[in-house]
Amino acid sequence: MPEQPLESEGVIAGTGTGGAMDLATTEAETPAKRPPPAFGGGPGGGTESTGKPRSLWSDAWRDLRRNPVFIVSGLIILFLIVISLWPSAIASGSPLDCDLAKSQQGSAPGHPFGYDGQGCDVYTRTVYGARTSVAVGVCAMLGVAILGSVLGALAGFFGGPWDSILSRITDIFFAIPVILGGLVLLSVVTSNSIWPVIGFMVLLGWPQISRIARGSVITAKQNDYVQAARALGASNSRMLLRHITPNAVAPVIVVATIALGTYIALEATLSYLGVGLKPPSVSWGIDISAASPYIRNAPHALLWPSGALAITVLAFIMLGDAVRDALDPKLR
Amino acid sequence: MGRYVVRRLVQMVPVFIGATLLIFLMVNVMGDPVAGLCGDRQCDPATAAQLRKEFGLDQPVWQQYLTYMGNVFTGDFGTAFNGQEVTELMSTAFPVTIRLTVVAILFEVVIGVTLGVVTGLRRGRPVDTGVLLLTLVVISVPTFVTGLLLQLLLGVEWGWIRPSVSPAAPFDELILPGLVLASVSLAYVTRLTRTSIAENRRSDYVRTAIAKGLPRHRVVTRHLLRNSLIPVVTFIGADIGFLMGGAIVTERIFNIHGVGYQLYQGILRQNTQTVVGFVTVLVLVFLLCNLVVDLLYAVLDPRIRYA
Amino acid sequence: MPGATHARWAAGAAAVALVVTGCGGGDDGDSGAVLSSSWTDPQNPLEPANTNEVQGGKVLDMIFRGLKRYDAKTGAAEDMLAERIETSDSRNYTITVKDGWTFSDGEKVTARSFVDAWNYGASLKNNQKNAYFFSYIEGYDKVHPEKGEQSAETMSGLKVTGERTFTVRLSQKFSSFPDTLGYNAFVPLPRAFFDDHAAWLAKPVGNGPYAVESYTKGSEMRLTKWDAYPGEDAARNGGVTLKVYTDNNTAYTDLMAGNLDLVDDVPAQQLKNVRGDLGDRYLNTPAGIIQTLAFPHYDKDWNKAGSVKVRKGLSRAINREQITDTIFQKTRTPATDWTSPVLGKDGGYKEGLCGEWCDYDAAAAKKLIEEGGGLPGGQVKITYNADTGSHKLWVDAVCNSINNALDNDRACVGNPIGTFADFRSKSTTQKISGPFRAGWQMDYPLTQNFLQPLYYTNASSNDGKWSNEEFDRLVDQANAETDVAKAVEIFQQAEEVVRDNMAAIPLWYQNGSAGWSERLSNVALNPFSVPVYDQIKVG
């Protein structure tokens, strides 16, 4: 069932203004009557990519190292991680140091990006915003990936009634519009830490990964070597951990990387609607939504955090793209 | 086929109940809505108690849910706090949002698929790289920034369009909001079509068709496009439900009084009846879209037969 | 559109400067004389005693006239439908209604129209949120008990004594009772309101200069001039279309693009551009609104020996001048007392009553807070509702001002609450542990209205649960005082008690602001920051 390429394309959205959704939605059926892959070969066409796991990963790595898209996005992400960990390395001031007297002023020596409506230094806030935005993206992605792949793998591996129940639960969470869920759940939150926002993203984001994990576990399960392991009497947990997971993890990684970018963008949208992160958190989302009404007077206050956000999201999506290309031999 | 549809419909029941229950609980967690009705003054306790009783807020949550769903099945979606019937709100909001969704889907189909086909056939060429980069930019800039920028430029600075949509919301005023709403999905459709086309171009049946000496446009339209569009069609089908529920941001920017607006207002005022009512309909739309998409699979791909 | 034809004629007659701008809105429904104005869908059903916010009040102000009406300029309560309001003891009032008034459906406005409306508003079973306005009337406790079922349908203090006269007996002396009668809750209601309530709500009928033509819930309301209006303040335009906006930034954008004629709440973020965009078509006048920071006096951290000093210190750490200049572009004025300038000197406004405690002085602020034992928990969190635009702006600015004064980046932080309902729910149930936003828009222009509901023990808007015997005693004394000047003096003494305890920090007086298109002239806002629609000229 080589539907990974298809799924990984379709799945990237599902956040933001109700972008895309998982194409496998419609296939939450038992494997027997799942439709054949939408493109590529017939049933079982995926075996070529799962025959030798080690060579797949080393092939992929060799491929990636030569891919300029991967190098560029990797460098951007590396840079982001560094300034997230040590923002003071390139920004000396405090992001909370604001002087209303400087409200909306343009750039000045030592303050290359100028000041926002509250008189805070846009450069410092943009640098410090990276930490929160990246932290939200990474934590939400990890949570979604873990919860989604565990539930998806269990559903796909055990099948039968477990699959039915888990699939229905997945459908339930999938049916709730993301922005709407965010408005409802986050409007009651009073904590000003980043965890409620992350928790919400995990709560409504896991079905996306779960579906992919389930699909690829079902695919992997039908492979000859897994059947052989089963015949040899391997235990369920051993099969799941040793034989199936390594082969089913690639599509999850691809989708999770791309989703990371969308979570960062989602945080900004939530802030725009007034339910995102709260002060004294410093995030791009907060700054973008605060600056957007001032677009006519102080476009610079909107431009810089938006630009930083767009570049970050772009970097993660490109990374995901590159990884997918590397992991999917058919596309080569 | 018939049996398959029936089974799918049966499976929808638990999902429908679960999703509505989930949203019901979520709205309930938001707390007591009555305090907000009295403005900056405290409701007098007697009136507050009376209001809670009237809206059924004094009952346990599960009972509220059962009563509510019971009413929904008789077509009674309850009353908003300002005395307006939720069904009345729906009858004005849904037509507007449906029009907006239609515009958005049209953009996805016309622009998305065209760009996808062009880039898919010219993989690696400058036009391909350019479009690909453009789609990435569209995906990575938040919709509300794009929307506000376009509104300011086209609506105010250059005066090409109305910056906001009038209450009647005719199609021509929905072009820009539709484009903004569609933008992210549009980028995905482009990329999806491109991948699909590029992949199928190397498939055996296309090679055979070319080998037979068929003209290029015939190969593209009859063989390549038809097969490549299957994932695109399913994507767009499933996108309908998301667009309708996800228009909160777009509708807010352009002051469109559709489903997103009503949901936003409902949430701000913690109006359980409005929020749950609209979400119930959205969940239904979403589930039905998924079913239709599945059935479309069979129509488009003769290899699929549902038992 | 049946109203369009005569509406156009009306404009032709009334127009002073005939600038033919065509149809600025480009809206097919706009005739030359109908103007469009920004609006928000009211939160509660549009019943007079059930409407407690400006947006619903706007409509009521157009379609109703009560016994009194507050002058659009001075705010003084003047007779409207009242021919005479007589009393000898400040407790028993005899009210005579003017002859010749009708509702727009033809029904005569009689004494009964008032008595029925007031009884409806007070009755518990009708869920009217402003029922407490009738609480001074004898028998209110029977129709609206604090607990349990009501034991009467009507208030014993109201009696119809003739076609145009009725008597009101209050449960206590209240000398300024006649002055409160300009409030929307006291307007008369036609029989149609009681006979077919649903139909009335769908298309309200009143006795004001405008009649509702159509009401599309959640999107717009069309009001047309009522030609047979018997009052002197007949509309000088053909009608008003109220358009619902989710975001007042969008409304402003629409005004600039020519799709809207009047925005009566220019968003703070656009104020900087207003002069450039609109030139003289912009108005900024004082309104009876004051913003304060209330404190959780129920919380022991804020009710300690040094708390007064901490509160005074915080007050002195806020640079009101800079915030009102920069964030609000002078559409708000730094507050120096706890009332509002629209009351006027004789009405009880006393400039500078707050004294040095409202002056920005970073060093003094720091010293005061240290003397008071420092900020509770080392940090203040200012709680506000984030669902309307400008609260975040000023709370952030206030916090930055406090942080700068105290040299501490994290001394103050905003604590947004997602929805107004949740914010109110938390503040009315004492769940807020730091200062919180408290805005007060007057119901009627009296000092009493700025003090009693907010600071009297257990008063309806005393969310911080401040309680002071001295203050309560002075307010009671002032209410019973029949001499207005003396009453005002006592109210000011009470206000000084508020100051000495810094029960709440006064921030600024809010102005009403409005911007309009080139088609309009003679635009004004009343002291409640509502546009005086009937005086606007179109064309």
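As written, the chains take the letters A, B and C, and residue 1 is the first residue of each chain.
Going forward, a contact is a pair of C-beta atoms (placed from the backbone, for glycine too) under 8 Å apart; a residue touches a chain by one contact, two chains touch by 3 or more.
Since this is a predicted model, take the numbers as computed values, not measurements.
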Pair of chains joined by more contacts [C-beta pairs], A-C or B-C: B-C
Chain ID, smallest distance between chain and overall C-alpha centroids: B
Centre-to-centre distance between subunit B and subunit A (centres being mean Cα positions), rounded to whole Å: 21
Distance between chain centroids, defined by C-alpha means - subunit B, subunit C (Å): 39
Gap in Å, rounded to a whole number, between the CA centres of subunit C and subunit A: 47
Subunit C, residues touching no fewer than two other chains: 387, 419, 422
Shared-contact residues (touching 2 or more other chains) in subunit A: 183, 187-188, 296
Shared interface positions of subunit B, touching two or more other chains: 30-31, 152, 252, 264, 267
Contact footprint of subunit A on subunit C as seen in their complex: 249, 267, 269-270, 272-273, 319, 322-323, 326-327, 386-387, 389, 392-393, 396-397, 399-401, 403-404, 409-410, 413-419, 422
Contacting residues of subunit B [partner subunit A, same complex]: 4, 11, 14-15, 18-19, 22-23, 26-27, 29-31, 136-137, 139-145, 148-149, 152, 181, 184-185, 188, 191-192, 195-196, 198-200, 203, 227-228, 230-231, 234-235, 238-239, 241-250, 252, 263-264, 267, 275, 279, 282-283, 286-287, 290-291, 293-294, 297-298, 301, 303-304, 306-307
Residues of subunit C defined as touching subunit B within the complex: 26-27, 41-46, 52-53, 124-125, 127-129, 131-132, 144-147, 201, 216-220, 243-247, 250-251, 253-254, 256-257, 259, 387, 419-425, 428-429, 438-441, 453, 460-461, 463
Subunit B residues within the subunit C interface of the complex: 30-47, 50-51, 54, 81-84, 88-89, 92-93, 151-152, 155-156, 159, 162-164, 166-167, 251-255, 257, 261-262, 264-265, 267-270
Residues of subunit A touching subunit C in the complex: 94, 96-101, 103-104, 117-120, 183, 186-190, 192, 274-275, 278-280, 290, 293-294, 296-297
